[in-house]
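Have a look at these structures, which come just after this line.
Here subunit A shows up in two complexes: once beside subunit B, once beside subunit C.
On to the complex of A and B.
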């Protein structure tokens, strides 16, 4: 049901996620967060979602890591003689409660690839898989949905990306990105 | 590793032959791959967002290898702004074309009746002219503006007295 490679990847992602929460040295945390993103990108590729995998690898592992490195380059690094961060008890409690809720719901999830599951509903998913090439003339169903069926939503998302850049300019009190 | 040492290695640019040579070799391929994903996203995995991000990341790679300041000098602000805001304008403009022909905003199927071309061209236009330039421009822009830090830190900036 789950291949050894997937199991190893799962353990890797889990260990990386826990390490980002526990380690004290922020540089180490950023590097591990990048590795975590790369592991997740592989996961998405295994779950046959190459579009999401590419986005995660490029944005999550690449660009975000670079931006975080740039940010800590401009801050003073705190003393990190201790290896681990001292856990914040209320935060541990909240995260633990959230984890319990997630674990309860996860048992209700159907097995990946199980044929009678909700998102295998032919009335919805098969409709797009069958009609997308005819309706839009586009072979990639993901692109057909993103730019075709819900193009207005994508317009909003693209504008949000644009606004992220504007917000960075505003917060950092600059008028130009590079040079005049 | 002491604090002073680690701080220096993080903030200062280190000229490395290995990194520069690697980036010189990889950059043409990653830029081509980004463009391929953008232009071929309709028929295989990928699309404007992925392609635009990889194309933008190529510039980030060059900046990391050859120094952020020299790259900043080379890259005009108007190029970055044109990519980002031009993308939003192009997306809206392409979306408005069907409105002119009596359909909804982004209603590309009307292209068949109006111009005799497939709806696919509307989707392609939105991905290639809209999403990809926005993502490329903003990825590059965020990198350089975060690298520069707060405007109040730079003595040559004159826009810092407004608060």
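On to the complex of A and C.
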């Protein structure tokens, strides 16, 4: 059952996303996208995922907004004479049809927060919840899985971030490793 | 319809945000805005994973002796990984946008297509 806080966040996040789609001035869009990201972080916190919420607030609302603002500083801010984008009718039609299909599918989903949902394999989840504190000495099961059981996964993730940094440097033609 | 909103609200929000993100990627002609659309699309999918792990009346997966029921930590871990990979993707995309701007002097998709056709 939806709580009043969640209902308010629901509306806020949806309005922010639609405003992002409609506004033309890119600086306004970036600021609203940052607020949207913070709203999503709060939503994750309400859904019992504090780790995800903190990561989203730091990376989604913080780092991504910073990267977008740096991009705007190095390129152009689109003309802000027009307030709103012209709606793209074929795209609205396609997206609307997709939304209808998704909503029809959702009616068949289990209720939010139902403990016995099919995709949440209870045996496996229970194994991690029981063994994580003993095996790793970490009370937070998310940290235990992230850095312990799936340590190699996280190593791969670090490799992806490293490669992304290299790719960005390569694209921007900066040679930061030489002192010439 | 009201029942759908009150009991399956995270899935409804997931669908709505997914579609808004998709619309921005398709319809916006500004390349930076397309990247923002991609980010909204991503957060919608994160919401789907996080709400799959959610248990009403449960606790976040920080284990204190005999407690519970706890939300499943496994979807949350994959979302954490996905958020970090997502920001790496955004960084590369924005680097390409900056490069495109320095090469062609525009961020508009239509103008870019015309400039490239003239070459």
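Here, the second predicted complex is superposed on the first by the 169 of 180 C-alpha atoms of A that agree within 3 Å, B and C clash if a C-alpha of one lies under 4 Å from a C-alpha of the other, contacts with A are read in each partner's own complex, and residues count from 1 in each chain.
Just so it is clear, a contact is a pair of C-beta atoms (placed from the backbone, for glycine too) under 8 Å apart; a residue touches a chain by one contact, two chains touch by 3 or more.
Predicted, not measured: the structure shown is a model, and the values here were computed from it.
When both complexes are superposed on subunit A, subunit B and subunit C sit side by side without a clash. Looking at the shared chain after the overlay, A:50 reaches both subunit B and subunit C.
Of the two partner chains placed around the shared chain by superposition, subunit C is the only one that A:91 touches, whereas subunit B remains out of contact.
Between subunit B and subunit C, C touches the greater number of residues of subunit A. Once chain A of one complex is fitted onto chain A of the other, the partner contacts of A:106 are limited to subunit C, with no touch recorded for subunit B.
By the touch criterion defined above, A:69 reaches subunit B but does not reach subunit C.
Of the two partner chains placed by the overlay, neither subunit B nor subunit C lies in contact with A:123. When the shared chain is aligned, subunit B and subunit C each come close enough to touch A:139. Looking at the shared chain after the overlay, A:152 reaches subunit B, while subunit C stays out of its contact range.
Looking at the shared chain after the overlay, A:165 reaches both subunit B and subunit C.
The superposed arrangement places subunit B and subunit C with a least CA-CA distance of 6 Å. Residues 50-51, 55, 59, 63, 67, 70-72, 74, 76, 139-140, 142, 144, 146, 154, 161, 164-165, 168, 172 of subunit A touch subunit B in one complex and subunit C in the other.
Across the complex, subunit B is touched by residues 27, 50-51, 54-55, 58-59, 62-63, 66-67, 69-74, 76-77, 79, 135-140, 142-144, 146-148, 151-152, 154-155, 158-159, 161-162, 164-165, 168-169, 172-180 of subunit A.
Those residues of subunit C lying in contact with subunit A across their complex are 4-24, 26-28, 30, 32-33, 35-37, 39-40, 43, 46-47, 50-64, 68-77, 79-81, 83-92, 94-99, 101, 106-108. For subunit B in complex with subunit A, the touching residues are 3, 6-7, 10-11, 37, 41-50, 53-54, 56-57, 60, 64, 72-73, 75-77, 80-81, 84-85, 87-88, 91-92, 95, 105-106, 108-109, 118-120, 122-123, 126-127, 130-131, 134-135, 137-152, 157, 159-160.
Subunit A makes touch with subunit C in their complex at residues 1-2, 6-7, 10, 13-14, 17-18, 20-21, 26, 29-30, 33, 36-37, 40, 43-44, 47-52, 55-56, 59-60, 63-64, 67-68, 70-72, 74-76, 78, 85, 87-88, 91-92, 94-96, 98-99, 102-103, 106-107, 109, 111-115, 117, 119-120, 124-125, 128-129, 132-133, 139-142, 144-146, 150, 153-154, 157, 160-161, 163-165, 167-168, 171-172.
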